[in-house]
Amino acid sequence: MKMAAAGSLLPLMEALSESNDLWAPIVEDGQVVFGRWKGESLPDNYRVTDNSPKELLLPQTESLMRFEGVYDQLDIKEEPIEGPKVAFGVRPCDAAALDLIAEVLGSDDYPDERFGQRKDSTTVVTLACDEAGEHCFCRAVGGSPASDRGSDIMIYPTDEGYLLRAVTGAGQDILRQCESALDPAEGGDVESAAADCEDIEMPLAEEISPDGVTEDWHRVFESPIWEQLAGRCRSCGICGYVCPTCYCFALFDDLRGNSGVRFRGWDSCQFEDYLLMAGDHNPRPTETERTRQRFMHKLHYFVSRWGEYGCVGCGRCADKCPVGIHMLAAIKELEEVV
Amino acid sequence: MSVDWKPKIVGFACRWCAYAGADLAGTSRMKYPPSIRLVRIPCSCRVDPSFVVRAFQRGADGVLVAGCHPGDCHYTTGNYLTRRRFSLAKRFIQYMGIEPERFRVEWVSAAEGGRFAGLVEEMTEDIRKLGPNRKMRERL
Amino acid sequence: MDPLVPEVATIRKITPETASADVKTFEVQPDESEVFSYEPGQYAMLSVFGVGECPVSITSTYEPGAPLEFSIKEVGRVTGALHEAQVGHKIGVRGPYGNHFPVKQWQGRRLLFIGGGIGLAPLRSLINYCVRSRENFGELQLVYGARSPKDLCFKEELFDNWPEVSGMQVHLTVDAAGDDWDGEVALVPDFLEELSFSPDDTIAVTCGPPIMIRFTIEALKRMGFADHKIVTTLEIKMQCGVGNCGRCNIGDKYVCVDGPVFTYQELSSLPQEY
Amino acid sequence: MRQLQKQLRQEAEDAFADGHVEVFIGYQEGFERARPVPVFVRDRESVQEMVLNEFSGVSLSKYLLREAERAQEDASIGIVARGCDGLGIERLLYDQCISREQLYIVGVGCPGVVDPEKAAQLCGEIPVAAEVEKQQVVLQTSSEELTVAKEEVLRDKCLKCDDPTPRIYDALLGEEIQRGPVRQNRFDGVEQLEAVSDDERYEFWVRQFDRCLRCFACRNVCPACSCVTCSLEEEEPQWLKRSTSSSEQFMFHFTRAYHVAGRCVSCGACEEVCPVGVPLMLLNEKLLKDVGELFEEPSPHLPSETEPLGEFSYDDPEGWRGEAGQS
């Protein structure tokens, strides 16, 4: 199913918001963030939002359950999950990232119910990119500016407006819902619109590729580059928190009197206390081990477990890292090691 | 606002003065609203401004920090530090959006039972007009 | 049901293991369901509500209808809260998690158990498994040490039960002893080398503090044990227990699902981040 | 600046040649254009990697904490310091985290640092080079040269700076640039916020704090946040719950700001590193403004022997009388 929108996506968003909880890139105090839609057009020239849409599926903190009583007469109630959502204007890298997280959290052994339910009830409407940002490198890690991975509907920008294509049945249903806001895409060539996006220039991705850099991972692991990169690391959690594929979480309890809540919340392997155990033993005690862990996880451990990079090339970490610890910089230096 | 809502005030009271003042108000059978819950502290300078935020988080509609009059501190200078600290903190808490009536710092001596009762009455009335506090309130 | 939400269980019995009671064994029975079936070496996540959760290896050996047993040393917040709990108190349990000792593969082999301190806890499950199906295994040897005689865990089994098992020998040692001890005084790895076991057709399983494990492995290698015949269990901080929270990786292995049981051969191909 | 870079390398080389400097903290070219990154030069040969240009502005002072811990007892640490880092270093000195004898400070009279994103907006690409002149900045792109006003292209924090030259240094690169008063409008933002109603102000902060990711970058770069164990990570008592509810975000931001009240040097590093643009300086500057007003500190952000909250005067005002913003 394909449809077209001339000029603006606003009528489509308005139609979508009528019967859906619509989330999209919005401008808030000059920042472009992914949040609940407030009736505005998509921000001009946004590349990716500051925060990634992963928080729709894996909120930064959520309560898993409530309990009454502590040591006695314990009563546990699981927390219900909020209703379905439409995530609009997601970039292809971020949509793919949702799929990537689902590899882990949706794996057969212990599927994460809460993540799974949200994933099933979230419709992802992806806007293909017609320009790469300063930090973009999706193509270097197997993605594409026109990729429909993880998306229910694809929107391709064209000279006249936009062409829409339903990728999944859920996408089709949603498109039908707002047919009135769209035109039939007569003569619109979705393939060529997609190909145009596919072909955009992406200077960073042309130069550097992670392929093969971790083949001899023992050597990579021992490389002195980690200490150099980590020397300037501030041990903050920016990289992991803005990353659309980082999914690490912690569980923690909060107690008031005799009742409480067990929360699940994001955590970052860059924090000093991430792996700190009772008795003060820390297997990754300094920035060096922690920085190495982050890169090794994305470039090697994830690959060996799930068969692909744990990175979609959105460039947020590179953009937001206060001290320029860049995924591609690490890869470039690793290439020299290999 | 529900009809039977009554303000909840958390009071941090120095054991040497304000707490004794509250005691005096009680033993003298002075009438004041039962809206305040007193926390006895060794000195007003024991109160970290985070306590005030915590009280608002956990459901206080108002917070009172009460210490000895300047010059009367049992530990000589504790309340001078309180004065500096809360001069700043009071403004800062208001800057974050809490109405000024909801947080007060006052000096109450052990002999000022009446003053203590009056303060609680005044604060209760001010807060009653504002209604329940929702700001900074946690929803667990 | 979300895999992260535990089941409510009741503490049925608490047994102090050591003289200072810094190790206690808790008998735990789920309130709503049967005890899940589990293998030696597996662990469960235990919750004290309002405090948190931590992974604890299961010390008992599965038997339908029997309660779960956990021997826990007080080291952190959750274990501290568990030590404050009383009989009848409610805790949370979820599991069983992780891999287990490959007992089926070990049939007919001789087994050498080497434990230190509370490290005997996961071994106890294995030892009792082997004792129960005694005919399936060759000779059983246990070398166990603690800081002092007062710190020896599972005394009844150590002194009364296990020595009576045919073809099983128990060798005890302590780091330091008073007048009440006429046994061996030596560190576990030294004692082990002194006893000198043959590596022929033998699997060595060692659990204990990291430093003990390190020297024990060195001793075993000197005794001729091959890397894949040395088995140990790892301890690491965990949150979910099910391979989702990302915390407990060592290289591309997750201790929570790929472990906690590893052979030394597997460990030596992993980064030294544990 | 090119001249200064040459001088800097010379200074650093001499320091290594003397043998007393163990590490020199400065900048090197980053992976991306116009984004130099911190570097820790540990030998004379690597001095040539150091750069100093219109883009090298990442705050460095906080690294001294870690380097001082690692350094040999009698060795000293070299550091390049613009005015803002100079104040950060002073902060660490007054807090006795490091000692002056340990430091070899190469000061820079700083004309301001170019914000590469602002520059990209103006040029259509990240510029290759820039030169900050008296009132304007010349941006060099791959194809042209563009002259723009300082206001258009310097980092926000530089536009409000009145301490361009460090107050302490062992060597100074370039001319000393006289102190302000540039910031006559320094508290404009705070005053605007004070002027709105309590409810509006609350809503404003809810919105700002809701974006906060709790990455703690603001704390980690702050030269006034030097506690070995941060109260925000304390588990008993747990001051800050790990939930990111609006309520806890207030606790976090209140605590972070208030714990540096009277000690903030207004270097702006916290706001600069924030990945989601929380206007942290609006919090810090409110406290600075009030410290100035209440305790008659003419330049409350300048570190000194005494801390406004560590001392008192018998005739201090009761600052809680009156509305926010009034003295």
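Labels for the chains are A, B, C and D, by order of writing; each one numbers its residues from 1.
FYI, a contact is a pair of C-beta atoms (placed from the backbone, for glycine too) under 8 Å apart; a residue touches a chain by one contact, two chains touch by 3 or more.
Treat the numbers as computed from the prediction; the structure is a model and nothing was measured.
Measuring from the average of all protein CA coordinates, the nearest chain centre is that of A. A comparison of the A-B and A-D interfaces places the larger number of contacting C-beta pairs at A-D.
Our note on geometry: chain A versus chain B, Cα centroid distance of 46 Å, whole angstroms. Averaged C-alpha coordinates put the centre of chain A at 31 Å from the centre of chain D. Chain centres here are Cα means. That of chain A falls 39 Å from that of chain C.
Centres computed as Cα averages put chain C at a distance of 51 Å from chain D.
Among the residues of chain A, those touching two or more other chains are numbered 250, 252, 254, 260. The set of chain D residues that touch two or more partner chains comprises 245. Shown are all chain pairs that touch, namely A-B, A-C, A-D, B-D.
Residue ranges on chain B touching chain D, taken from their complex, read 49-50, 53-54, 57, 70, 77, 80-81, 83-100, 104-105, 135-139. Chain D contributes residues 30-32, 35-40, 58, 62-63, 120, 126, 207-208, 211, 213-217, 220-221, 233, 241-245, 272-273, 275-277, 279 to its touches with chain A in the complex.
Against chain B, the residues of chain A that register as touching in their complex are 254, 256, 260-261. Contacts from chain A toward chain C in the complex involve residues 64-65, 67, 69-74, 76, 78, 104-105, 107, 109-114, 221, 246-255, 260, 262, 264, 267, 269, 274-279, 281, 283-284, 289, 293, 296-297, 300-301, 304-305.
Contacts from chain C toward chain A in the complex involve residues 1-6, 8, 47-54, 75-77, 79, 85-86, 88-92, 210, 235-237, 239-240, 242-247, 249-252, 257, 271, 273-274.
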